Structure formats: structure tokens, C-alpha cells
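One chain, subunit A, appears in both complexes that follow, with subunit B as partner in the first and subunit C in the second.
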Partner chain A sequence: MTYAADVAALARKDLLLELRAKETLPAMLLFVLSTLTVFHFALPRGAGGLAALGLLWVAIVFTALLGLTRAFVAEREQGLLDALVLAPCDRSAIWLGKAVAVLAFLVAAELVALPAFAAFFAPVGARTIVAVVLADVGIATVGTLLGAMAVAGRARELLLPLLFLPLAIPIVVGGVGASAGGGSRYLAFLALYDAVFAVLSWASFEYVVAEA
Partner chain B sequence: MRFGERRVFNGVDVDLGAGGFLLVTGANGSGKTTLLRVLARLTAPSGGELELPERHAIGYLGHEPHVYRELSPLENLDLFGRLYRVPERRERVGMLLERFGLWDVRRERVGSFSRGMQQRLGLCRVLLHEPRLLVLDEPYNALDAAGGELLDGLLAEPGPARIVATHEPRRVERLALDRLVLA
Partner chain C sequence: MDHVTRRLSENRGVASATAAVALLAASIGLIFFYAPDDTDQGFSQRIFYFHVPLALTSYVCFAWGAWKALRVLWKGDDEADLESYVAIHQGVIFGALTLVTGSLWARASWGVWWSWSEDQLVLFLVLFLFYCAYFMLRFSVEPGRARANMCAVYALFGVVLIPISFLAIRLSRKFIHPVVFTSHGPQMAGSQFLTFCVSLAGMIMLFVVLYHVELAGKRIDAHLRDLRELLA
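So, the complex of A and B:
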């Protein structure tokens, strides 16, 4: 119960920070809408729904990357990780609280992105929505861990994409496969990815933030 | 302590009991901050032995006040009070905000504060969980005369072991039981 309360307090803090600063979510919304607009004009007529679905996933991954780049900005600028890691709470609660907040930002961005995609390209099916939700969980869990790793480095803005994009490839494969009617095995693949990387991230966050 | 090939300091021997007070001085780049981070369990030493209290019994204030600028003092201290398992959190938070002259601005955003007020809030955060070891790196930074006197009073109180690095050693020399000069 204490663990859940710690996670809730940390996630609430991140949502409150964003509610007041309004830096991350507006940027994500603007980015995903701009990207879909560019794709709408860039995609040749008659290119088909499958190509458009691929572009949807490209937009989702890069929008997520934008959000992840800012995930630890407050902690970095004020040296707050020092204060957080000295607390007696389980350090994985810091990761989970941040991942929950990132997930909320992703869901909010997609509440705008999916209707925009439907307006520009083609209707979004239930299977695509489920795939997006599963992908969001994977992006939030892995991305938050990598964000914490990158924040410690000097070239953090370069480091995060280099770490994140290779690990996002399975998400794109699963997402495109599920959206394109590839059957439930792609959804199962995404769920398995989520489970594996959630456990790995939960267990390894301690070592990412702890030096001593 | 080494960073790659560079030796930051060597042969430091510190023995500090409850109520002890160690003053750390030295020129810029002599390793004061690194030593304090080692003693606060935030940086692993490259060698030697350390016997320190558990990490949650340490109160560390570095060069930044370690508070969220978009939150109010009340929200900051409430968050850290929860994470540090502070009993009777609200009373403790209220007492510290009163003591450091931040009660009247408790609901305002920290980002609108002067650096000195942020430093006062940083000190509140450090004291919130009544640590057994206080590690303060340049705690007089940005404090005005009244803030400096508040800190003087705090450091003079018996209780936790205190390790203070400062470029203003005259302020605390009379309190320090030990002094470490890093070259």
C-alpha cells in the first residue's frame, strides 16, 4: 500500500508540474498534428491504407520521443534526483510514478492523434486502438528507464533517441502488424514486450539512479 | 577518490559521531563537493571504507535547493514528507515553513521566489525528516542576513552530526569540532 501511495504521489507531482508548466503536452500535440498533416500531403494518392498506418506508427513513436526527452527535465535542472534517491521509498517507485505520468501524456496526445488520423486517412479500428494502448505501455516503461539513463549524461538529447529508437522497433513491428490485420498474435507480441520490459525496467532502475 | 586518471583527493580520514560538526574548506576544485557527495551516499568512492547511516537518515543539500519550481513550498514539502515517511507531516511542514519565514508564501510557486528563498525552502526539505547526518554544501549560498542568521542558529543546535563545506568558514568556525582542509 505504501508503494502504491509513493507511486501515486510521484505521478500526481508530474501531472501537476505539466498542468502548470504546459511544456510537454502542448508540444506533443502540436508535433503529432503537424506530422500527420505533413504525411497527408506527402503520401501519394492511392498509396493505400497500409502505408498510412505505417506513418501513424512513425508519428506515435516520434511524438513519444518528444515527451520522453522532457520527462526528467525538472529533476535534472534542480538536481532533484539526489533528493529522491535518498528517500526511503523503493527507488522503482520513482520510475513507476514517472512512467504513469508519461503514459498519461501519451494517451492524451493520441486522443487527438487518432481522430486526426481518421480525418486525414482512414477510420481507426478497435484492433489499432488496442495496439496503441499496448504500445503506450511499452513506450512509457522502456522510455522512462532510458530517460533516466540519458539524463545523467552530457549529450542527453542525442543519447535518448539512440537508446530508445532501437528498442522501439519491436513496438512498431507489433503495432503495424496488429493495425494491418495481422491477427491477435501481434497484440500478444506487444503484451509480451510490455511485460518483459516492465519487469526489466522495474528491476534495473535502482542501478540506473544509484551510484553509491 | 578518482575520476578516471584524475585523483580528486586521497587519504581523507573522517570520524564523526552524533552531534559532531565537521567543517570542510578548500579552494575551488579541491574536491569538497565530491567528498560531500560521497559522505551523503550519492557518489561511490573509488577506494577506502565508509560507515554511514542509512540513506534516509541523511539530509543533503547541494549547490541547488533540490525543490520543484512549479510546485508551492507546501506541495514540495508534502511530497518529500510522504516519501521520507515523516510522522505528523503537516505539523512538521508548518513548523519548518514558519521557522524559515515561508509560511506566508506557502501556496505560491517556488519558481517566483528569489534564490535566497529557494535556499530557505531547500533547508526546510533537508530538515523535514530529522536526519541523523546533515551534509550541507555551501549552505549560505544566496541567503540574506536574516537567512544566514537562521542557518547559524540551526547549525548551533545540538542533534544531528553536521558536515558543512563553505567558503565562509568564519561563520561556523566557532561551532566546528573538526576541520578538514582539502588542498
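So, the complex of A and C:
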């Protein structure tokens, strides 16, 4: 019970910070809308909804990257991570709290992005929405762990995309497959990805922040 | 005989280097003069004996690096951090050679430098990019315990990424990449298989030698730095 309370407190802290400072979410929203506009010009005339669906996944991954880059900046700049590591809570709770906050940001960004996409390009089916939710869980779990690594480095904004994109390729494969009418096995694959990497990130986060 | 084995264990490095040179020389001889021409692809098929052993060796490197990474996290073994890094470094070098030889072979037999409809090619590229990012991580973080742990976690993610990416890419592909090893054993003639095995053994031996040489160099470097700090 205390574990859940720790996680809730940490996630609440991040959401409250964002509500007051409004640093990350407006940037993510503006970014995803600008990206969709760029895609309109990048796609050749009459390319069709299928090509646009592929680009939707590019927009999702890059918007997520923008949010993930900011995720641990406050912790690192103000020495908060050291305090959290010293706090009498399980270290994986830090990861879970942050992942929940990141997931909330992603869902908020997509609440704007998906209707905008539907208006600009092509209608979005139920299967795409399920795939986006599953992909968000995967992005939040893996991205939070890698974000904690990248923020320890010198060139953190540069490092995170390099670490994250190879791991995001399976998400893109699953997401594009599911939204392009590939059947439910792609959704099952995304769920498998989420489960495997959630367990791995949960178990290994402790080593990433220990003695930081 | 006892005398010989003692001498060999004293000079393990020299012995393994000799074995690597002998095996590689033998494999080059076998590849060009013993293995038969392929019925479809003719002479160009012989690059198979370089390409596949290189690819398998780089998988061996990544697996060894992940094993050492596990030792870092599990036992807190400080030596294992350097060993894991060196293994992955060698893996990336063998991986780059795999991509080059694969590209040459694709050009010769399929007429293109690269084919996205290939499982093994795409998987290998994803892994290659992943392990290249490992170096970016390692060189942007200050050396120490924290870096060792982070690199170890990242290396372990790589081993999990292999089956996940493979599954992802398998979900929707046709393939023309020759599948040599099926559940019915290797699909090649005895002489080809022998050549392949010698070549594979040579490549793995080469990895072992390079691994120990680089490890020794890096360790000497670290000792030298410690001594300098003591003197300063």
C-alpha cells in the first residue's frame, strides 16, 4: 500500500509542477501540431491516408522524445534526484511515478494530436487508438529509464534520441501494422513489448540512479 | 606433453593468436580452393563464408558483453565493466564488417545494395544503431560506478531487444534471404559446411585475440593513469 502511495505522491508532484510551470505540455502540443503541418507539405499530393498514418507514428515518437528530454531536467538541475534516492522509498517507485506522469503528458498530447490528424488527413479507427495507448505505455516505461540515463550525461538533449530511437523501432512496427489494418497480432505484439520492457525497466531503474 | 601445455597456458595470448592466424589462413584456403561454386550464384556465393561467420561472431560479442554486464549488476564486479565495453566494441566492429559484406553480397546476387524486405538485414541494422548509441552513452557520462551500472543496464536491454525486434520484423515479411540453418540441420554440402565451420572458428578466435589485446591495452592505460595521479 505504501508503495502505491509513494508512486502516487511522486506522480502528483510532477503533474503539479507542470500545472504551475507549464513547461513541457504546451511545447509538446505545439510541436505535434507543427509536425502534422510539416507532414502535409512533405507528403506528395494524393498520397492517401495510409502514408499519412505512417507519419502519425513518426509524430508520436518525436513528440514523446520532446517530453522525455524534459522529464528529469528539474530533478537533475536542482539535485532532487539525490534526495529522492535517499528517501525511504523503493527506488523503482521513482521510476513508476515518473512513468505515470510521462504517460499522462503523452495521453494529453494525443488527445489533441489524434483529432487534429483526423481533421487534416484521414479518420482514425478504434484499432489505431488502442495501438496508440499501448505504444504510449511502452514509450513511457522505456523512455523514463533512458531519460534518467541521458540526464546524467553531458549532452543530454543529444543523447536521449540516440538511445531511444533504436528501442522505439519495434513500437513503430507494431503501431503502423495495427493502424494500417494488420490485425490484432500487432496489438498483441505491442502488449508483449510493454510487458517485457516494463518489467526490465522496473527491475533495473535502481542501478541507474544509485550513486548518481 | 605436460611441458607443452604449461608453456601454452603461460603464453595464452600468443597461442590463441597463432590459432586465429592458422584457422583464418586455413579458411581462406578452403574458401577459394576447396569449397565448390554455388549452382545458382557461382563464385560470388563464397562471400557467405565471410559474411555469416562475421555476423555470428558479432552476436557472440554482444552476448558476451551482456553476460559481463550482468556480472556488473549482479556481483558489483568492477573489472567486468571494462570487459563488457571491450566485447561490445569488438561486436560493433564485426557488425560493421557484416553490414559491408552483406551489402556487397546483396549487390552481387540481388542487384541492390540494401533490401528492406529482409529480416536479418533490418534486425542487424537496428542492433547496430543500438550498440553505436552505447558508445555515446558511455563517453558522455563521467567514469565511475554510476556509469558502469548505466552501461550494464543498456547492454542488457540490447539482449532483450534482439528477440523483440526479430518478432517485430517477422510479423509482416516475405523473405529472399537464404535460410541456411533450418530445423532439418544445415542445408549445404559437407565440403561447404566444413569450410563454414573453419571460417566461423577462425572469426571467433580472432575475436578472442582482439578482445584480450584491447583489454590488456585498456588496463595498462588505467594503471598508467593511476600511477601518474600518484606521482602528481
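What we mean here is this: the second predicted complex is superposed on the first by the 211 of 212 C-alpha atoms of A that agree within 3 Å, B and C clash if a C-alpha of one lies under 4 Å from a C-alpha of the other, contacts with A are read in each partner's own complex, and residues count from 1 in each chain.
Keep this in mind: contacts are C-beta pairs under 8 Å (C-beta built on N, C-alpha and C of every residue); 3 or more make two chains touch, one makes a residue touch a chain.
This structure is a prediction, so every number in the text was calculated from the model and none was measured.
Within the superposed three-chain model, A:182 lies in touch with subunit C and out of touch with subunit B [touch as defined at top]. Contact with subunit B, but none with subunit C, is seen for A:78 once the two complexes are overlaid on the shared chain. Using the contact criterion defined above for the overlaid structures, shared-chain residue A:196 touches subunit C, although it does not reach subunit B.
Contacts of A:86 after superposition: subunit B is touched, whereas subunit C is not reached.
In the superposition on chain A, A:104 makes contact with neither subunit B nor subunit C. Which of subunit B and subunit C touches more residues of subunit A is settled by the count: it is C. Put simply, subunit A uses residues 211-212 to touch subunit B in one complex and subunit C in the other.
Those residues of subunit A whose C-beta lies close enough to touch subunit B in the complex are 5-6, 9-10, 13, 16-17, 20-21, 74, 77-80, 82-89, 211-212.
Chain contact summary for the complex, subunit B toward subunit A: residues 38, 40-45, 54-56, 58, 60, 62-71, 75, 79-80, 82-85, 109, 125. Remark: subunit C residues 73, 126-127, 129-130, 132-133, 136-137, 140-141, 144-147, 149-150, 152-154, 156-157, 160-161, 164-165, 167-169, 171-172 touch subunit A in the complex. Residues 145, 149-150, 152-155, 158-159, 162-163, 165-167, 169-170, 173-174, 177, 182, 185-186, 189, 192-193, 196-197, 200, 204, 207-208, 210-212 of subunit A touch subunit C in their complex.
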